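Each of the next two complexes has subunit A plus one more chain, namely subunit B in the first and subunit C in the second.
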Partner chain A sequence: MALLTLTSPHAHGRNSTSRVMMTVTLATVPGLLVTTALFGFGTLVNVVLAVVVAMLAEALVLRIRQRPLGFFLKDYSALLTGVLLGLALPPLAPWWVTVVATAFAIVFGKQLYGGMGNNPFNPAMLGYALVLVSFPVQMTTNWAVSSQMADQPLAGLLDAITTIFSGSGADAFTGATPLDTYKHLISNSTAVELQKLPTFNGWMAGGWEWVNIAYLVGGLFLVYRRIITWHIPVAMLAALSLCSIVLGWDPDMYTPVSLHLFTGATMLGAFFIATDPVSAATTPRGKLIYGAGVGILVYVIRTWGAYPDAVAFGVLLMNLAAPFIDAYTQPRTYGHEKARRGLTSKEAR
Partner chain B sequence: MTHMIQLHTFHGGIHPAENKSQSNGTPIRTAPLASELVLPFQQHIGAPAAPCVEVGARVLKGQVIANPQGFVSLPVHAPTSGIVVAIENRAIPHVSGLEEPCIVLRPDGQDEWIAHQSLCAELGVDDITDIEPAQLVHQIRMAGIAGMGGAGFPSAVKLSVKRDEQGQSPIDTLILNGAECEPYITSDDMLMRERAAEVVRGAQILLYILGAKRCLIGVEDNKPEAIAALNAALVQLHEEHHIDVVKIPTKYPSGGEKQLIRILTGLEVPSGGIPAQIGIVCQNVASAAAVHRAVDIGEPLISRITTVTGDAIKHPGNWEVALGTPASHLLQLAGYQPQKQPRVIMGGPMMGFTLPSVDMPLVKTSNCLLAPTAKELPLNDMAMACIRCGMCTEACPVELLPQQLYWFSRSEEFDKAEQHNLFDCIECGACSYVCPSQIPLVQYYRHAKGSIREERAAQKKAEQARERFERRQARQEREAAEKEAKRKARAEAAANSQSAKPAPAAAPTVAASASAPAAAATSETLEKLQKQLTATQTAIAKTKEKLAEAQAALAAGDESQATKITALESGLEKSQTKMKDLAKDIAAEKKALKAAPPAAASTAEGTDKGDPNSPERLKRKWETAQGRLDAAQSRLAEAREQGLDTVAALEEGVRKQQERVDEAKAAWQQAESGAAAPVSTAVAVTESATDKGDPNSPERLKRKWETAQGRLDAAQSRLTEAREQGLDTVAALEEGVRKQQERVNEAKAAWEQASGAQPAATDTPAATVAALAPAVAPAAAEADIAALRSKVLAAQDRVNKAQERLDMAREQNLPTVDALASGVAKQQEKLDQLQQQLAAVTSTAGTH
Partner chain C sequence: MASKSLSEISLDGLWKNNPALVQLLGLCPLLATSASVVNALGLGLATLSVLVGSNFAVSLIRNHVPDAVRLPAFVMIIASVVTVVELLMQAFTYELYEILGIFIPLIVTNCIILGRADAFACKNGIIPSMVDGATMGLGFTCVLLLLGAIREILGQGVIFSDMQLLFGPAAASWKIVLFHDYPNFLFAILPPGGFMALGTLIAIKNIIDERRKEAAKAKAVPVEVTTESRRARVTGKIS
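== the complex of A and B ==
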C-alpha cells in the first residue's frame, strides 16, 4: 500500500494569509464608521472606489504575469491596500486622484516588484506619496470638515459622490485640517486663541480625535488578535510624543502633543500602515527602532517640512532602512552568549 | 521530599490541539507477537551493530544477536525466542524508505528467556551502591538502551561522566523528560501512570551513576494522572531522596531537551554543546524505566510502549510491543482503516515522519503510530507568499528569525542562513505551524542544512586531498634533496681525489705514486689550498675573458675601456701571483706528506677486497637492508594514515625487506662469530694492524662517530616526521635524539683526539702502517668508482621515475599498473646490483 509521504510538521494552525488580511480590514471598520459619521460619506466612497480599482489592477497584472487569478485575489492583500488608501486620501479628493494612487500602488508598488511579499515599500503609501507630490492642491484642500462645526453642512452620500466625480461643490464641505491650521496660524496667535477656532471646536481637534480613537481601538484589537505586535505602534507613538514634548513643549509656538497624537493619520499610521509586515522591520528590536524612526520622521516633517502630515513619508523612508535594521537586530538565539550583528560576507569571515 | 522549583520559560512555543484523550483512556495492552520480527542493526544514533548469529540459528529471548561496534553503538537483542531466518537488507523506518541490514527473526512462540538476573545478584552484592558506576553504565550499554523519546542516542554515552580527582561528578542535575509535548502521543503518559515505580527506581539508579545532587522529572500539566502516580511512587520510597516531580505548563515544544532544561533550571545548553557542559544530563522517562529493568532484572531493551492513534484507527491506545514488530501488525491490532489518501506517521504530528510503507518495523525510538484522516490533519494547501508577518519569529522556541532563514534558504544564500544560526534550529515545526502562508518552512531548513553539510564534506575532502598532495610533494622534495646532497658529497670526494691527480703535473717533483697517499690522507690544509687554487684559477680565467672583451672594445674605438683594461691587468697579475704562491704552498704540503713510505701497498691489497663475506661487508649489507626496511615502513605508515590503496603493495614490500634484513643479519652474525679463523693472514695482519688490534685507532673512532652520526640523522628524520604528523611519540623521539647527539659528540671528540695525536705516532712502524693503510686506495679503482656511481645514480633516477609513474597509474586505477610494477621491480634489481658493485668497490677503497 503506497502511503503519502510528507515532511513534518503534519499539523497546521488554522491561520491563513487571507484571514490576516481580512482581520486587518475589519479592524479599520470602527475608524471608517466614525469618519463617515463625523465627516460625511466622502471616505466611504473613496474606500469603495479604491478597493474596486485595486482589485481590478491586481487582476490585470496577474493576468499579464500569467498567475492564477483566484488564488492571489483571494489573499485579500489588494483589498486591504485599497481600503487603507481610501481611508488615507482626503475624503473629497477627485476620483482620478484615488484611481491614480491605487493603480500606482498595486501595479508599481507591489506587482512590479514580484507581487505579494516582495515589495520593499508599503504600496498604499507609495500611491499616496505619488499623488501628494503630483497633485498637492487636490491633496490638501479636499479634506472634509467635521459635522461638529456648526456653520458647514455634512456631505451626504449623494453630495459626496457628486463632489468626488464632478468636482463641483467641494468648497461647501471642505477645509484645511487641524494640523495644517495650527501649524500656519500659531506663528501669529496663541494656543488659547486657536482653541476657539471652529476647526478645533474648543476642545481638541474638531472630530479628528474620535477618528483616531476609533483607529486606536481597531489597532488594539489587532494586537489582541496577535495579527500585529505592540512594538511598532508603541515605538512610533512614544517617539512622536517624546519629540513633541521635548522639542515642542510650548503650545504657543508648536503643535501640542495632543494634536500630534490624535489628529491626522497618526493612529491609522501607527497601527495599520507602519505595521505592514512586508515592508517593515521584522525582528522584535528592529520593530522598535523602525517604529521610533517613523515617529521621529513624522514629527520632523510635520513641524519643519512643507507637508501638513507626514505618515506616508515617514513610513517610506523607514522602509528603506528596514533590511539594514533587521540585519543588525537579530535576537540572541538559545545557547548563544550574545546576538549576532549584521551580515558579513563570506570573504570577510 | 518535594521542593519548590522555580520555573522558567522559553521563548515562543505554540499550543496545538493536544488530541491525547483518544489514546490515554485505555490501559497499556501487550501486543501479541507478529509472525516475523525485523531488527535493524542500527536503532540508535551511532555506529550500527554487527550481527553475531547465523541464519538458521535458534536464539533465546534477550540474547544478543548483534554486537556494538565502537563507543557510540549498541547491541541488538532478540525480542523473543525463535529462528534467525535471514540477515538481509530491509526497509527501515525512515522517511526515505532506505534499506539497511536487518536480522529477521521468526518467533517460535515459546518466548523462552535467556538466563538473566539482576546485576546485584550477578555480582553478589546487596545494593547497587556497592557497584562501580562504570559497571552499571556497561550494563545499561549492553542492555541496548537508547533514548526512547525520539532521537535514540545511546544512554550509556550520556552516562559516562568523568569525575575529578576528588570523585566529584560534574553533573549536578538529572532531568527525566516526561513532558511529552507532541500532540497525540501518550506512551510516556501511560508509562508514568502505570509504571511510575519503575521510572522512579530508574531515576535512583541514574542518580547514583551520575553522582548528581538531584533529579527533576518534568511533566506537562496536561498529565495530572501521571504526576499523581509519580508522586505516589516517591512517597513509597520511604527513604531520603532528591527526586522531584515538576509540573510544567503545557506548551509545545517543552519536551525538547533544550527547552525542558531551560524551563526547569533557567540554564541554556551552549550552542553546539551538550547538557553535560552545564552539569545536566537529560533522559526520557521510558529510558529510565528501561534502566531499572536492565539493572534490577537484567532484561535488555526488547520492547517498548507505542501509541497507535488518529481518526483512521478504530481502537486507539497504547501497546507494549516487541521491537522489530512491523507497523502493519500493530495497525491491524488497533483497527486501522486506510483512507483515500493513506498516511501513517511514525512519531507525532509535529516532528514525526510519514512511513513510506506499513511493513517497516518498530524500533527503540518508535513512540507513536499516527494514522490521521484528511479532515483531522488537513494536507497543506498550496503555500502562499511570505508576507514577513513575523509570526514564526514569535513562535520560534530558540529565538531564530525563521522568516529570514526561509528567504536565505530559498535563495540558497547558505552563508547568510548559517549566520542567522540555522544550525540552532531544532526542526520543531512551530514556525510552519503558525505560518499563515502555509509555507513548509522546516523543509527549507532541512534542505539548507543538508546542502551546507554536503558542501562542508566536499570541502573537507578537497582539503584532505590537498594535504596529501602536499605531503607527497614534500616527501619527494626531501628525497630529491637528500639524493642531491649525497651526490654532491660523492662528487666532492671524487673531485678531491681527481684534483690530487693533476697535482703531479703542477709539481712534477712529487712522485705520482706518492700523490695517492697524499690525497687519501686529505690533510685539511692541503684541501683548503687546493680549493683556493681552483677558485683563483677560475678568477683568472674570468678576468682574462673580460680583458679580451675590453681590448676588443678598445680596438673598436671605445676609449673609456682603457682604464678598465689597466685595472683588469693589475687584477690578473695579482691573481696569478696568488696562484703561484698557492701552488708553492701545495707543493710544500705535499712534500711533507710524501715522507710516508710506500710500503703499505701490498698490505692494503690484502684487506677485504677479495672477500665479499667479511664481517664488515656483511654488517654494512645488513645495515643498508635495515635502512631500506625503515624507509619502507615509514612509507607504509604514511600510506595507512592517508588510506591510500598502495598499502597492500607496501606491506608486501616491507615483508620482503624484513626477510632480507633477517638474512643479512644472520649472515653477519655468523661471519662475525667465525671471522677470526678462516681469513687470510694478510687480512688478519691488516686488520690487527689497522683497527682490530687497536679499538682506539682514529679509523675505528671515526667509523664509530660516523655510525653514531648516521643513527642521529635517522632519529632526527623520524622526529621531524613525527612532528609533522603530530604523533604523540614526539617527546620520546626528542629524548632519543638528544641522547644520540651526546653519543655523536663523544665519538667525535674521541676521534678528534685520536687523530690529533696521530702525527706524534708516525714514528712507530705499526702506527705508520695504520696511517698508511688507507693510502692504498687504488688509483685504478677510482675511475671505476666514479663510473659506477654515475651508473647507480642513473639507475636510481630510473627507479624513481618508474615508481612515480606506477604511483600515478595506481592513483588513477590505470590498467598499466601491473606492467609498471614489474618494470619498477626490474629497475630496482638493476639498481641493487649496481649498488652492490659500488659497495664492493668503495669498501675496498675506503673501508680503512
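== the complex of A and C ==
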C-alpha cells in the first residue's frame, strides 16, 4: 500500500491570504468606530460605497480577463482596498470621488498590473493620489468636523448620505483638517493663539488624536498577530518624529510633533498602508529604510509641499524605491559567506 | 522597398506602422498638446504639412546629396519647412500659435519627420514619399485627435471647445457641453492622464490586431469535413 508521503514543514500556520486580509480589515474597525462616533457617519458611508465599487470593479475586470471570479473575490484583497480607501478619503466627499478613486485603484492600480500580488504601487493610495490631484477642492474641504467642536452639529446617517450623494448642505458639517489649518494659520499667529481655536481644542486636534490612537491600537493588534512586523511603522513614526523635532522644533513656525503623529493619516498610514506586503520592501533592513523614507517624505511634503497631507505620496514614492531597496538589503543566506546584493545578482531579479 | 504600392504605404502610415501607436515617436508633443481637440488638431495639421513638405523636398534631392552629409541636409530642409509652417500659423491662427507655443518650433526635433526622411523619402520617388508623409501625418493626427477628444471629455466634460481658434468665429458655437456641472477631472488634462489614455489606445489597437489575426487564421484553415467518419445513428444499436 502506497503511503502518502508528507514532506516538512509538518506544522504550518493557518494564514491564508483571505485570513490575513480579513484580520487587517477587522483591525481597522476600532478606527472606523471612533471616526463615526466623533465625526459622524460620513466615513461609514464611504467605506460601504468603496467596498461595493471595489468588489464590482474587481469582478468586472476578472470577467474580462477570464479569471475565476469566486477564487479571487474570496481573497478579500479588493474588500481591503475598498475599506482603506473609504477610511482615507474625506468623510463627506461627494460620492463620485469615492467611486472614481476606488475604480481606478482596482482597475488601473491592481488588475492592469496583473492582479493580486503584482502591483508595484499600493492600489488604495494610487486611487487616493488620483482624486487628490484631480479634485483638490473636494479633497481638502470635505473633511467632517468633530463633535468636540461645540458650535457645529454632527452629521447623522441621513445627513451624511444626503451630503455625499447630493452635495447639498456640505458646508454645515465640513471644514479643513487640523494639519491644513495649522500650516496655513501659523505664518501669522502663534502656537498659543492657535491652540485656542476650536479646531485644535487644547493640546491636540479636536478628535483626530482619538482616531489615530484607535488606528494605533488596531495596528498593534496586527503586530501582535504577526500579520505585519514592527519595522515599517516604527521606522516611519521615528523618522517623522525625528524630523519634526529637529527641523520643526519651533511650534510658532512649524507644525509640532504631536500634530504630526496624531492628526491626519499618520497612524492609518504607518500600520495599514505603508505595510502593504505586496508593494512595500520585504527584507528586515529594507523595511527599516522603506519606513524611514516614508516618514521623511511625509514630513517634507507636509511642511513644504502644497498638499495638506502626504501619506499617499510618501508611500507611493517609496513603493517606487522598494524593489531597489530590497535588492541592496538581501540578508546573508545560511551557508553562504556573503550576502548577494545589488541588481546584478540573480536573487535581485 | 521601392516596390511598395501606394495603398500599402498608406496602410502602413495609418495603421500598421502608425507613428504614435506603433513606433511611439513624437510622444512629447503628442502628450503635451492633446489636452483638447483644437490643440490636437492644430499640432496634428502642422506636423502633417511639415511631413509632406519635408518628404517632398528630401525625395527631390535624394540623388544629389552624398550619404555622408545627408542628415545635416535633411535637418536644414525640415527646419525651413517648420519655419514656413510656423510663420503661416502666426499669420492665420495667431491665438492657437500662442497656445501651442514652443511645440510648433519643436516639430523640427520630432523624430517622425527625420525618421520618415531617412527611412523612406531618401530612398523613394516623389509621389510615394509624399503619400508616405501624408499618411504618416494623418495617422499621427488621428491619434492626436482621439487623445484630444478623450482628454477633453474626461477633463472638462465638453468637446470641440475653442474651435474658433482654427476655423474662424463661426466655429465658436461648435462647443458641445456633454455634462453640466462637471467637476474638472484635472488628472486627464495633466501629462499622466495623457500617458494613460495613450496606453489604453495602444492596448485597444493590439486587441483589434489580435482579433483580426485570429479571424484571418480561422478563415485560412478550412474546417475539414470528413464525411466518412460521420455516422448517422438509425437504431439503438451502434455498429
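In this section, the second predicted complex is superposed on the first by the 328 of 349 C-alpha atoms of A that agree within 3 Å, B and C clash if a C-alpha of one lies under 4 Å from a C-alpha of the other, contacts with A are read in each partner's own complex, and residues count from 1 in each chain.
Keep in mind that, in the parts below, a contact is a pair of C-beta atoms (placed from the backbone, for glycine too) under 8 Å apart; a residue touches a chain by one contact, two chains touch by 3 or more.
Keep in mind that this is a model prediction, so the values were computed, not measured.
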Next on the checklist: According to the stated criteria, A:108 is in contact with first (subunit B), second (subunit C), both, or neither; which is it?
Outcome noted: second
Checklist entry - Between subunit B (first) and subunit C (second), which, if any, makes contact with A:17: first, second, both or neither? => result first
Next on the checklist: Quick check for you: in the superposed arrangement, does A:138 touch first (subunit B), second (subunit C), both or neither?
Outcome noted: second
Item to check | If touched residues of subunit A are counted for subunit B and for subunit C, the larger one | outcome: B
Next on the checklist: One more residue to check, A:130. First (subunit B), second (subunit C), both or neither?
Outcome noted: second
Checklist entry - A:75 contacts which: subunit B (first), subunit C (second), both, neither? => result first
Next on the checklist: A:188 in the overlay: touching subunit B, subunit C, both, or neither? Say first, second, both or neither.
Outcome noted: neither
Next on the checklist: Taking the stated contact definition, name every residue in subunit A that is touched by subunit B in one complex and by subunit C in the other, in rising order.
Outcome noted: none
Checklist outcome for this item: Residue set of subunit C touching subunit A in the complex reads 183-188, 190, 196
Checklist entry - Can you list the subunit A residues touching subunit C in their complex? => result 94, 96, 100, 108, 130, 133-136, 138
Item to check | Of subunit B, residues touching subunit A in the complex | outcome: 10-11, 14, 16-17, 95, 183, 258, 262, 268-273, 338, 341-345, 347, 349-358, 370, 372, 377-382, 384-391, 393-394, 397-401, 403-404, 415-416, 419-421, 424, 427, 429, 432-438, 440, 442-443, 446
Checklist outcome for this item: Note: in the complex, subunit A contacts subunit B through residues 1-13, 15-17, 19-20, 71, 75, 77, 115-118, 226-227, 229, 277-278, 280, 282-284, 287, 326, 330-336, 340, 343-346, 349
